[in-house]
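Each in structure tokens, the structures are laid out below.
Shared chain: chain A. Partners: chain B in the first complex, chain C in the second.
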Partner chain A sequence: MTRHLRITRLFWSASIAAEMEYRSNFVLTFVTSAMMLGGAVLTLAVLFQHDYQMGGWTWPQALMVVAIYTILDGFQQTFLAPNRTRITELVREGTLDFVLLKPIDSQFWLSVYKISIWGLPNLVLGVAMLIYAGMRTRPPLDAGDYALGLPMIVLGVAILYALGYMLSTLTVWFIKMNNITYAMAALLEAGRYPIPAYPLPYRVFFTFVLPVAFMTTVPAQTMLGMSGSAVWIVGSLGVAVVMLIAARLFWRFALRYYTSASS
Partner chain B sequence: MTSAVRKLRAMTGVYYALMVEYRAEIVLWAVSTSLPLIMMGVWVQAGASGDFKLDATQMARYFIAVFLIRQLSVVWVIHDFEWQVVSGRLSPLLLQPIDPAWRFVLMHVGEQLSRLPIVLVLTALCFSLYPAALWGDAQTPGWWTPSLWQVVLAVVGCYCAFVLRFLMQYSFAMGAFWFERVAASHNLIFLPYLFLSGIVIPLEELPPWAFDVVMWTPFPYMVWFPATILADGEAPYVKGFAVIAVWVIVLWIVNRLLWRAGLKHYSAMGA
Partner chain C sequence: MPVVVCDQLGKTYRVANKPPGLGGTLRHFVRRRYKDVEAVKDISFTIEPGEIVGFLGPNGAGKTTTLKMLTGLIHPSAGRCDVLGHTPFGRDRDFLRRITLVMGQKQQLIWDLPAMDSLRINAAVYDVPDRDAKARIDELAGLLDLDDELTRPVRKLSLGERMKCELVAALLHHPKVLFLDEPTLGLDVNAQTAVRRFLCEYNQKQGAAILLTSHYMADITALCDRVILIHQGALMYDGSLDGIIQRFAPFREVKVEFDSDVTESALRPYGEVESLDGRVARLLVRRDDLTQRIARLFNEQQVADLTVADPPIEDVIGKLFAEGAA
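Then we have the complex of A and B:
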């Protein structure tokens, strides 16, 4: 375990050093992230300008969902997306062989190899937004509420990771998979709004087919202590565990079909 | 004239063939533009509350029209142009007796043609999300049957949208002559486009003052205007096409000026 931690630290300091070369991009990334969040808030403001409350959620409650979405987005830009792109490259070029030969678990190596600092603005903005929205709800959220919500966000991240890893695994069979990532990212956009704000077919799809509900809506619900949260908490845990195991098994299965560069 | 037409046809044919090779990818690209359908869910539910100008059925029709217009006005020239400049591949194109801009335009036209059958199938599927969009409901009775002039104007509007977006993105792409990595900064115009063009918010739901301001920018004419013509038939036609004309002229001039200045600055391999 300590070996894994040590290796992770080495990987990350190396990739941060590499990215620091382009730090002028940082301002640009910050501006873009702020614009994206601003646009999402504008959309909500238009939806809330009359008496309408999306699926019974109030304005600050809906802002919390946007905030959690922004945090997850930042997280996936920082930790998940760079590694996903890398897996695709490794398989296409046949250099995955070198990873498989290393005396360490290949899934671990592939999941932590790179981090990118470009997700930081989203993480910062998302947390700021979450705190602001939390002060505006009635009653305002306290530390205990956040402490309850945090594990749910972690589960959301786990689901996101497992989903992404399974999609990357598909590269072993289909070489050009970048577009699948785009297609999934487009569908995940649904997480910007509380799932009860959607019509029934959408709710079913985003709960049981693509579990977007567990990524943003359930953490917000838990923090707000909405009734019936217990079922969703259990559900979230179940989905996360099942998907992590599935991602693991799928990777092991896929490796049997991996024909390396030379064979 | 005939030789120009022949060139255009030949190049469109080449790009069509090139794109059809990647059919499976085009399906995925089409799915990745599913944002209007997600927003349709949010707004149909909102429209059903009766608090908004459009009711549920009108919302559904509007967003299905948005989906269609988006599919037929996809522009990605900035990524291609950046690559051509950075890799120096622009140099041989400059030797040809035709402006490279046409090559990029026809590449897009070819892709649109290859996308068309998929778009029609996907649009048909859209109706399964909200079938009442097709035959109407109590608030908005009657079938959604756009009249002939509505369709004609929507097609014209859709190509105006394509021209506007292409000119805007291509002008921005000229930055590649100076900054190389220009596609990353493309978000600076893509995000206003996303939120002010009507993909995410049906613009008539904005407060009246905000609506009036937005209508002077080029963004509503990239989606909202043609989509509203198709979905509703009621749109500010004269003002709309006038504003489009002004923006096309302005962007055209800006584009040509940047192109000339950029070429002088261009210093890739062999130039």
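Then we have the complex of A and C:
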């Protein structure tokens, strides 16, 4: 475990150092990132003018979902998306061989290798929004509510990771898959607002087909102590575990294919 | 105890076959036709600890496929292989810690960063303690004449410098068996010599076995006492470098200097005329009647000087692969 932490630390410092190699690009990305963050805050401020309801959710409650969406999105941009892109590159260039020859779990290597600091502002914004929304709900959330919600967010992240990893695994067969990043961003986007605010067919789809509901809505419901949360908590745990195992098995299967087919 | 054992190893690929043209492309998209290609068939050999073996064959002969089977990157479709007592395809940690693969056309170093950063990662992945890692890097860098190249971004290095850094990264864990796929590809003569000298020293210091493919005959002649030739996936020869000439070159090269200019037609009875430049000619003469032909040459022509040599190994092997004869 300490070995894995050490390796992760080395990966990340190398990743950040590589990003900082190109100074003008670094400055430019910083500016874009700041502007996008400003845009996101502005949109929220505008929406705040009108105190409207969403599928039975009060505005502060809905804002909780938006906040969790923003946190997940930031997490995705920081930790998940860069690695997904890299898996595609490795498969196409054939340098995946080097990873497979290292005495370390290949899924671990491929999942934590890269980090992009440009998702961090979103992560911070999300946390700030969550705290703000928590103060505005009636009654305001306390530490216990957050403590209950945090594991649910972790499960949401796990589901998001597993889905994305399975999608990246497909590159072993299809080689060219440049749109994983967009597909995953769009998928998460569906969880930007409370799932109960959608019409029934969508709700079913986003719960049972693409488990978006578990990523954003369920953590918010848990924190808000909405009725029937217990079932959802168990469901969330179940979905996360199943998805993680599926991602693992699918990767193993893909490797068997890769190693018997590539030249 | 051999460190590498290949026993009737074989690999068959299924490849899609696309007919040319738009119609072909459409048909290819809807229904793919596959055919089986035998990349490697029935290859058997063993390598002892500390041996350096040259692995030769024209492009597409199956060299890389064999190396990939031996490193566990692909699964053999026939036969069996064993490296350091492990079945490579299991890719267990203990096996991976003791082997390495260097590919001249692919690189593992992080492009935007100095090689040192990649080396630190490799040290951690292979569980080499910091102090050992530093000593090993210094040693390997010393053997390769590397200095501040390790702290310059990899993208700013020349091909030769980059390959040297790749070698440091590939050998940091002191592997016992090295699989090298064209490690000198594209390098200039100086860099090639440096890499060869380095491999030789590493081999002696660590007692590591090396299986090396290369298109540069000089790599092979400088490093390998033993060579394995494969052609169209099948083993053609396994033995000493000199043995190739004995076995596959039925000709010797006779260089003759005459007292005066001669014509090509006058020389034809003695052997195949390779070159003729005024008074100096090079003839290819079959081994079995070499003495007889030379005796006739001395009798019938005004010979000033005469030397007999084996034809260059490059020519022999080149001819061999071109003919494809076993």
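Definition applied: the second predicted complex is superposed on the first by the 223 of 263 C-alpha atoms of A that agree within 3 Å, B and C clash if a C-alpha of one lies under 4 Å from a C-alpha of the other, contacts with A are read in each partner's own complex, and residues count from 1 in each chain.
By our rule, a residue touches a chain if its C-beta (ideal position, glycine included) is under 8 Å from a C-beta of that chain, and two chains touch if they have at least 3 such contacts.
Because the structure is a prediction, the values reported are computed rather than measured.
Chemist: Who does A:59 touch here: chain B (first), chain C (second), both, or neither?
Modeler: Neither partner.
Chemist: Check the residue A:25 against both partner chains and state whether it touches chain B (first), chain C (second), both, or neither.
Modeler: first
Chemist: Among the partners chain B and chain C, which is in contact with a greater number of residues of chain A?
Modeler: Residues of chain A touched, chain B against chain C: more for B.
Chemist: If we overlay the two complexes on their shared chain A, which of chain B and chain C does A:199 touch? Say first, second, both or neither.
Modeler: It touches chain B, and chain C stays clear.
Chemist: So in the superposed three-chain picture, is A:39 touching just chain B, just chain C, both, or none of them (first/second/both/neither)?
Modeler: In the superposition, A:39 contacts chain B only.
Chemist: Would you check which partner chain A:97 touches, where first means chain B only, second means chain C only, and both and neither mean what they say?
Modeler: The second partner, chain C, only.
Chemist: Who does A:250 touch here: chain B (first), chain C (second), both, or neither?
Modeler: neither
Chemist: Touch check for A:11: first (chain B), second (chain C), both, or neither?
Modeler: After superposition on chain A, A:11 lies in contact with chain C alone.
Chemist: Where on chain A is chain B touching in the complex?
Modeler: Against chain B, chain A makes touches at 25, 28, 31-32, 35-36, 39, 42-43, 46-47, 49-52, 54-55, 176, 179-180, 182-183, 185-187, 189-190, 193, 197-199, 201-202.
Chemist: So in the complex, the part of chain C that touches chain A is made up of which residues?
Modeler: 13-14, 39, 64-65, 68, 71-75, 77, 89, 91, 93-94, 96-97, 99-101, 103, 106-108, 110, 112-113, 117-118, 120-121, 124-127, 153
Chemist: Which part of chain A faces chain C closely enough to touch in the complex?
Modeler: It is residues 3, 6-7, 10-11, 14, 17-18, 21-22, 93-95, 97-98, 100-104, 256, 259-263 of chain A that touch chain C.
Chemist: Show me the residue ranges of chain B that touch chain A in the complex, using the header's touch definition.
Modeler: 25, 28-29, 31-35, 38, 41-42, 44-46, 49, 51-52, 129-130, 181, 184-185, 187-188, 191-192, 194-195, 200-201, 205-207
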